[in-house]
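Order of writing sets the chain letters: A, B, C and D. Residues in each chain are counted from 1.
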Amino acid sequence: AAPPEEDAGTDAGSDFLACAVSDEGSWNDKSFNEAAYDGLTKAKDDLGIETNDAESDDTEDFVPNLTQMVDAGCDVTFAVGFNFSDGSLEQIAGENPDSHFVWIDGYDLGTGNVKPIQYSMDQSSYLAGYLAAAYSTTKVVGTYGGLDIDAVNVFMEGFYYGAKAYETETGTPVTVLGAPVDGPGQYTDPATSFQDAAGALSITEGQLAQGADVIFPVAGGLFASTAEAIQKSGKNAVFLGVDKDVAVTSPEYADLVLTSVEKRMTTAVFDVISELADGGEFTVDPYIGTLENDGTALSDFGSFDSKVSNEIKAKLEEIKAGIIDGSIVPVPAS
Amino acid sequence: MKLELRGITKRFGSLVANDSISLTVQPGEVHALLGENGAGKSTLMNVLYGLYQPDEGQILLDDEAVVFAGPGDAMQAGIGMVHQHFMLIPVFTVAENVMLGHEPTHAGGVLDLAKARELVREISSRFGFEISPDALVSDLPVGAQQRVEIIKALSRDAKVLVLDEPTAVLTPQETDELMVIMKQLAASGTSIVFITHKLREVQAVADTITVIRLGKVVGEAEPTASSAELASLMVGRDVDLTVDKPPLHAGADALVVTELTHFDDHGQKLLDDVSFTVRAGEILAIAGVQGNGQTELTEAILGLRHRVYGSVKLGGRELVGSSVRDILDAGVGYVPEDRKKDGLVGEFSVAENLMLDRSFAGPFTKGLGVDFAHRDEFAREAIGEFDIRTPGGSTPAGRLSGGNQQKVVLARELSRDLQLFIASQPTRGVDVGSIEFIHERIVAVRDSGIPVLIVSTELDEITALADRIAVMYRGRIVDIVPSDTPRSTLGQLMAGVVA
Amino acid sequence: MSTDQSVNALPPQPRANQLLQAVLGGGFVRTLLAIVLAFAVASLLIIFTNEDVITASGYLFGRPGDFFSAAGSAVGDAYAALFRGSIYNYNADTVVAAFRPLTETLRFAGPLIAGGLGVALSFRVGMFNIGAQGQILVGAAFASFASSMIHLPYGIHLIVAVLFGLVGSALWAAIVGVLKAFTGAHEVIVTIMLNYIAISLVTYLMRTPLLHDMEGSNNPMTIPPDPTAVLPRILGEGFALHLGFVFAIIAVVVYWWLMERSTTGFRLRMVGINPDAARTAGIDVRKIYILAMTLSGLFVGLAAVNQALGREGSFTPSVDGGIGFDAITVALLGGSRALGVLGAGILFGALKAGGPAMQVADVAPEVLGVVQALIVLFIAAPPLIRTIFHLPGRPKRAPRKVKATKQLEEAS
Amino acid sequence: MTALAPVHETVAAPPRNWKTPIVLSVLAAVTFVVFGLLGNAQEVTFRWSEADDTISLASLVVASQPLCLVLGVLTLLGAGFAYYRAYRREKVPLWVSIGVGALFIIGLFANVGAGATVPVVFILTGAIGLSTAVIFGSLAGVVGERVGVANIAIEGQLLAGAFVAAVVASVTDSLFLGLIAAMIGGALVSMVLAVFSLRYVVDQIVVGVVLNVLVVGITNFFYSAVLSDNSEEFNFPGTLPSLPIPLLSSIPVIGPVFFDQRITTYVMFLLIPTVWFVLFKTKWGLRIRAVGEHPLAADTVGINVNNTRFWTVTVAGLIAGFGGAALTIGSVGAFVREMSAGQGFIALAAVILGRWNPWLAAVAALLFGFSRNFRIWAGQIGSPIPPDLIAMTPYLVTLIAVSVLVGKAVAPAAVGKPYIKE
């Protein structure tokens, strides 16, 4: 429930008030927004702080939503998503130099009060690609995106190069379908994007028909379509989740989730809040989630734990170490 | 079957369309219902047919009171009706139209078309109609459509048959045939209610006559009553339907139409080589049964139709190929046949309707805007001059009565600098008093030296106004004859028979 | 043969026009009641998803008072938040902050009014323009091009960018008019398809150097407008309200003059009510269709300009922000009249501005979508409102008499 | 008796109609020039059967360019024939148009798929899958418009059906109940439409538009308030099983496309002829059409116009609701916000494109699904055309078809007009 009205706007000192504004779409998108939101909820439950949140239906809601948070006297406000780069955050942060913002997937705006949280999703996706190639019996793997944007593409590219690393290493040719490398990549209908459930189904069916047995849908909640396509095909295929551990958040699909490429926003959000609530100093130093600091990682294999050989597991650890020490660059600079 | 209506009252808002009307129709009788436009005849019959619920009164069939919740009940009770405006579905075949509502079916509601066809053939042959059950109604001429309506009623064993103005769309010959059929039906025991305003027909076929005026029964009459008696009963005063027309002073040929041909979108030829001239100061009236190309002719002249070939010259200027606007600007006044559809914008005020075609330039405009002062001033004048009965210039035109709507159109079309005046059915649905007024105005236009083209399906109007009469049949002009040509000859020409 | 001559003597009217009457006819009180009713229905959604209420409903019969007070406070909090978010924030520390909600309402109202006028214009010409979404996208793309790729001095640049936006939307809308005039294609279908095509097309353009900064991210996104082309704020830096709202007000006046006073408007309305009579009066109906869609697009273009140049930032293909569809409801609610659209635009602007505050009060923002739909539905059905509130009105239809004749029934 | 006036031939030769030949020659020119002359020399593989099919056909491997040149010549011949017919003022036979269209499509696939594979079965089954809901929607549209009610709310009915099917099937664990509930959901939306437009005489298009907004609002509301946090309980319905028909399903190509489908798809196959049969061969159909063409005339023969409209529209709602179920339990399982995503509007276009005939409307809807799947296939083989532009195809195809091929189609005369007595 909401905090009592009287102290929402005026009294910010006694209680810590953490707030969040979503990217386009709702908090419960089973993915990106939800991960951030969970961090907020966790902070509220574990730290006993107050929270406020607002969903943005589209980018034009950003400014009023942020304004609302400023007016509510939030001690820190999370702006969830790269889309805030449309100037809305820059404007509000500029106008309210005393307010503090944290921008997930953002960058330093130079306003002095916006802390970026960034993720090297290519790192974990690279691992996922390698795992997919190794796990695949057909040596054909596939990926598709909900929208042709960087935040999505970085997953797909990391996945591609990871799978190709397996090819280089073992000499077994691996086919990666749908990645935006050397071609346009495969996406759902841009007019309906993350709502194009039937399109996602058809795309997966196509990739399965081409022999893929590991699919990496980078399309929010549309993994349900992929799961359905796999089940219907009767093939022994699996898919990989993104952002959160899908096997946990949607247990109904757990028996098809090989692993998930986690973007641990929940942790990052929680950590930032707890530090500030403890009286920590707000800084604009970016938080960068990497394999190294566990900001991003592959989830546990869950029910697939026994099906992934120790050899592969060891290999994944090895690659992870390589990425951390810089000897492996997941996505070559173009 | 004996039909009795007792004290039927039907109100539309404050308008009392039927005011305590009582009448009795004996079995096997042809009962004529006579009355002016808007007298309430159709309303009464719609009440009988269950389409309207009476506010007061009773319907008795064979002395038993009945209440009809809808036409379905009325039909079950043996009442059939041929409506003034046909109730046929144009895209259906004859058989489909006839069976609609009481379809013969196989098991599971599947239509039994064979049976329906058979029924149509059987009734057709009984009355000598030549109607194919598989013809599309939209392809049939109006006369044939009416026969389909009759078949429809008979196919349900109607014991009381209502015919609402059945002769309006028929040639004199077809009218005669219909009379024969009516007598034949009456002889077989069917009671017939026959609505018309044509006294001639009433006298020819009716056994009993009831006259309605302003929603009330004003009298009963025998078929032997004279026309003058009936007419004064109908109108409530003595009427003189002849028009005072000064002798003709025709000038040079003003409107010259040569070989005008027109196709519709399906390649159907609707005007076929039409040629005639109208001289300045002369009225040429076009007679013919509805649907023989008259509408198309006036619309082609006005530029409203595509695929028009040939020539229309007005004062030497070619009109074919010009836009409607140019043609109007050339000085053509035009009263369309259907004023509600083509002549007026019902929701616009009377004042706005009076400037409908003059919004581009001229006195009604001021810069890019409308000159409201001039518009309202003009409306005031026109309302006075044409005796338009309206609460004011700002009343929506759609709220006026038919006759007054017609006067609005007339006032507008006559207020321009005219080189030609065309009027289609200028007095359709207009009361007797207004008819006189409109006819006077048309004659005045003629006398000011302007060529006038009149289209009418009413022979009385044609003979009253015309200096010469052109008769159209199937898109062609059959003949152009002097105004004193006898009715019977005109009737034959209208049926396409040349002497 | 007309279908209804003998029963209905008034001329048949085009649809858009009947609806206009339906919406307009009832007047102020009914509009107000419809709004109240819509909020009342939406309260149910608020009540039954509120956590406190759900808890209280657990012991509804034991302590019904708790349930009702929880329900009452859930609804009260929600609508108080709506008020604070859209009109006046009585909790604010500063005067500026207190009045900011009202200016935000007006800022959101700007494009809604402009878009609403565009859709309204098409209604009054008997057409149904559901293509405002696509028109806004194309207009915004044009405006973005002019504001970021062309560099001009202050003043001129803004004018050029605004004109580009208007022209872009008008062109996209004109396609509808041309197709309707020359092929007879139904504008409802055409506008819907053009919406989808615009989404793809504009997304594509937002990846090309025409609109996109190829050095930056690969996301489909425009380059921010030059400062010279941004609509300036009109109440100072404390308020985001910008010149776009003034333009919208000017558009209301222009629309009023155009539709009610000008000869062009006279012809547009004439075609809308009775195209046959218009043709007979020498009006080229096809030209009017094209003209009407172009004009409609010009008004919608103003909404596009508001969206594209109202802020300093760049934008993505979702720049339309749902205004394309909201414009339809605004036009319907406003009875397609200038003042009505102004009022409806402000009302919907308030709902948009108040949404975030309601979310903070823990109400799902989707409730407001339901409210909008219900308001229009209730307004469109005067008899419903009359029945619910027992208002006087036209007498009801005479009750159907019961069939007295048993035989008839049995026979059938 | 005297002679009848000489009656001239009143039916003239119809005007030459160049529309079809022009459209066909454009298609032919594209096939010959773009796909052929400027085409790609690589080989294209047409795959007829998938690995696990009982009977497998060998794939056809041909060089793209020569194939397209041959197709180009054939289409040019077809177009030429069309010109000849048009010149003689004769109708261009439908099979010529269909033939040229089909050859064009083969050319398109051969050109885009040069150097890759065209999995024919996948493309066809996918097309059917992507058009199922649209076909149901268009059948609902045909039924509604035939009785004279314009149903813009198909979109909302699909969405309501999809939502209700997913929730009810999840909660009750019965896909069958989900199907029934979806039909009821669609019918409820229809009934609101009917009550408002028939009883309160609100403009049908207005009610339709508003209902769409309302259904989106309500489903979104419940999705975020209830479904998303409890998806296993409320939004995990599972899907209807595939029911291969023995023997028939093992026929190459045709088998997997037509005889290895879900119950929703079979119902769709059956519903198309059923709707046609009911509309044109039964007394209810005759009455429905009568009411849609000329309600007053129907009234005068004892048909209760508004009752007929009410129940017919309700039945249309049942159909659309069922189509909604095909989106969730007949396809992807879970409900996704606003997942109807404009398919109801496409269905409306299909109604017009199909000239209010169930068969043609279904074909039009299928064409849409086909172009959607073309987009997906083109993405799959990495076609060089920008994906954003390929994404337009279905809508562009619909737009062109509606404006060029159909033009002023004649709707049932009374569509959208309320019937008011007295």
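Keep this in mind: contacts are C-beta pairs under 8 Å (C-beta built on N, C-alpha and C of every residue); 3 or more make two chains touch, one makes a residue touch a chain.
Remember, predicted model here, so these are calculated numbers, not experimental data.
**Student:** Taking each chain's centre as the mean of its CA atoms, which one is farthest from the centre of chain A?
**Tutor:** B
**Student:** Can you check how far apart chain B and chain D are, centre to centre, with Cα atoms defining each centre and the answer in Å?
**Tutor:** Centre-to-centre distance between chain B and chain D: 44 Å.
**Student:** Between chain A and chain C, what is the gap in Å from one C-alpha centre to the other?
**Tutor:** Each chain reduced to its C-alpha mean, chain A and chain C end up 35 Å apart.
**Student:** Any idea how many Å lie between the Cα centroids of chain A and chain B?
**Tutor:** Distance between chain centres, rounded to whole Å: 75 Å.
**Student:** So which stretches of chain B touch two or more other chains?
**Tutor:** As it turns out, chain B has residues touching two or more other chains at 51, 53, 72-73, 76, 83, 86, 88, 90.
**Student:** What residues in chain A touch two or more of the other chains?
**Tutor:** Within chain A, the residues that touch at least two other chains are 55, 148, 190-191.
**Student:** Which chain D residues reach two or more other chains?
**Tutor:** Expected reply: 220, 224, 294, 296-297, 342, 386, 388, 391, 395, 413, 421-422.
**Student:** Any two chains that touch count here, so list every such pair.
**Tutor:** Final set of chain pairs in contact is A-C, A-D, B-C, B-D, C-D.
**Student:** Could you please specify the touching residues of chain C with respect to chain B in the complex?
**Tutor:** So the residues of chain C in touch with chain B come to 1-2, 5-7, 10-11, 13, 17, 257, 261-264, 266-267, 269-270, 273-274, 276-284, 398, 400-405, 408, 411-412.
**Student:** Which positions of chain D touch chain B when the two form their complex?
**Tutor:** Residues 1-5, 7-15, 89, 281-284, 286-287, 289-290, 293-294, 296-304, 413, 421-422 of chain D touch chain B in their complex.
**Student:** Within their complex, state which residues of chain D touch chain A.
**Tutor:** 50, 119, 122, 126, 129-130, 133, 220, 223-224, 228-229, 231-232, 236, 239, 242, 327, 331-334, 336-339, 341-342, 372-373, 375-377, 379-380, 382-384, 386-388, 391, 395
**Student:** Quick check on the complex: what are the chain C residues that touch chain A?
**Tutor:** So the residues of chain C in touch with chain A come to 50-52, 77, 80, 85, 89, 91-93, 97, 100, 104, 108, 196, 199-200, 203, 207, 217-221, 224, 237, 240, 307, 311-322, 352-353, 355-357, 359-362, 365.
**Student:** Contact residues on chain A for chain D in the complex?
**Tutor:** Contacts found on chain A: 26-30, 55, 148, 177-178, 182-187, 189-192, 195-203, 205-207, 209-210, 221-222, 224-225, 227-228, 231-232, 250-252.
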